[in-house]
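Letters A, B, C and D mark the chains in the order given here, with residues in each chain numbered from 1 onward.
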Amino acid sequence: MSTEPRNPEYAATVRRSFEAQGVMTLLGASLVEVAPGHVEIEVVPRPELSQQQSFLHAGVTTTILDSACGYAGLTLMPAGSEVLTVELKVNLLAPAAGDRVVARGRVVRSGRTLTVAQGDAYAVTGGDEVHCATITATLIRVDAPG
Amino acid sequence: MSTEPRNPEYAATVRRSFEAQGVMTLLGASLVEVAPGHVEIEVVPRPELSQQQSFLHAGVTTTILDSACGYAGLTLMPAGSEVLTVELKVNLLAPAAGDRVVARGRVVRSGRTLTVAQGDAYAVTGGDEVHCATITATLIRVDAPG
Amino acid sequence: MSTEPRNPEYAATVRRSFEAQGVMTLLGASLVEVAPGHVEIEVVPRPELSQQQSFLHAGVTTTILDSACGYAGLTLMPAGSEVLTVELKVNLLAPAAGDRVVARGRVVRSGRTLTVAQGDAYAVTGGDEVHCATITATLIRVDAPG
Amino acid sequence: MSTEPRNPEYAATVRRSFEAQGVMTLLGASLVEVAPGHVEIEVVPRPELSQQQSFLHAGVTTTILDSACGYAGLTLMPAGSEVLTVELKVNLLAPAAGDRVVARGRVVRSGRTLTVAQGDAYAVTGGDEVHCATITATLIRVDAPG
């Protein structure tokens, strides 16, 4: 699959969109890597993000995986594009705990209308990574407003 | 499918667990209905919950759908159970906007170990409901700690 | 959701396409109902369709669920359309055994490009139906060749 | 993830189960590789396996992907186990055509009760491989009868 970006400003486009996502601020998520066809987002677990057992809520893990996949897709779209999630599927593999949880999204197929991305989340403690979730998402390109 | 609860305290069990989910407080989500095999959770869209176009982020819709399904499952489990999500799959059908977004989860199959639940989210504006997402989730029963 | 067909020949279109699917003949599947936004396909379990325990193979159940969803989608598309599956997700709820297994697909959202359908499979023995699988599928409309 | 097989006869166990799946014979599928945590199954496209445009039906691609994942899981289970699919999710990425279509399944997480596997299907023409589908599946271990 070609991962040649058609939008030379792809990284700035992703960063601007990320900053416009209120929920990323609410979760305290940060954009740690933006490369063609590949994006990483991480979050630091804290009580406000937990489910009933104090692990990161599946919905929070899913939220950063979804955004990592969406932005991985956006890096390969032409300028003036926005990306929406059509559907996503996540398997939770292990409790999401640790110093931080990092979600890595990558493009599997980049079509004119639809993009398919996959991603994985890892719970990182010191130098140790535990694979805690995996996602497959279908994305659709739409024209950015204005 | 039988929806006879085996835990007579099922509603209190769900409410206690919901209150222990820090992320529900962070999102401002509320538990609006708890019945055997059926749970509803709603959230009021606000800028802090948005994606880049000011609609509710897919991850937020997924978070309340996931909890609605999980708690629908928990209502049918024996006392002393907790529920974890094994996997979930969400299709986003329409932008999630409106006065509030309500997620309704229901049990489709309740087994000894695994439960399958489905749910739907609706964007409600006045008396109008727009179907904005649908979920299928697989849940696993585990013994509650201590 | 509107289920008004835009193609007055929708039923003939579906039947013609079904007959062109070699795999339906191989499985011995039959098209038992075609209505706007709703299609039913059934198959009679036999050893050639089994997994290792003599139940219907998950792949066979998935195949008829996928076609039931795809054709449910096709009933609402304009004349000259074909439908392809973008993705599908199936939960297997109970062993698929019995006199026949019937897959019922229905359209949940019918868009210009994408359609979302859901469906359920039932194992029927005499007058008894066991819910054995549930599917959610995303479909794409394409122009029929020539 | 450890991929140390606990059943020294894992390959024979998989081959015996594969031969008991009537649908594999019907499809003309063959088991081309069995290694710990990794299984490959392939099928040669022919009119009897087609959808309406003469490509391999999504259900057939799904069937061999499902079996490849299930058997990848079975290679890591203790002797006396059988594997059933709890749920599967497939994205179709490109038309499945070519000399043969090969499905490769691998274990992502191997738990006591549940196993998560992922896989990919490729349409092979000469030395060329086109990535045509990707699957994530959840499997459950059950005791083999008898």
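Convention: a residue touches a chain if its C-beta (ideal position, glycine included) is under 8 Å from a C-beta of that chain, and two chains touch if they have at least 3 such contacts.
Everything numeric in this text was worked out from a predicted model, so none of it was measured.
Listed by label, the chains that touch chain A and also chain B are C, D. Between the interfaces B-D and B-C, more contacting C-beta pairs are found at B-C. Separation between the centroids of chain B and chain D, computed from CA atoms only, is 33 Å. The mean-CA centres of chain B and chain C are about 28 angstrom from one another, to the nearest whole unit. In chain D, the positions touching at least two other chains are 86-87, 89, 91, 116, 136, 138. Touching chain A in their complex are the following residues of chain B: 17-18, 20-23, 25-26, 46-53, 57-60, 62-64, 66-67, 82, 84-92, 145. Per the touch definition, chain C reaches chain B in the complex via residues 1, 89, 91, 93-94, 108-109, 116, 118, 131, 134, 136, 138. Against chain C, the residues of chain A that register as touching in their complex are 86-87, 89, 113-114, 116, 136, 138, 140.
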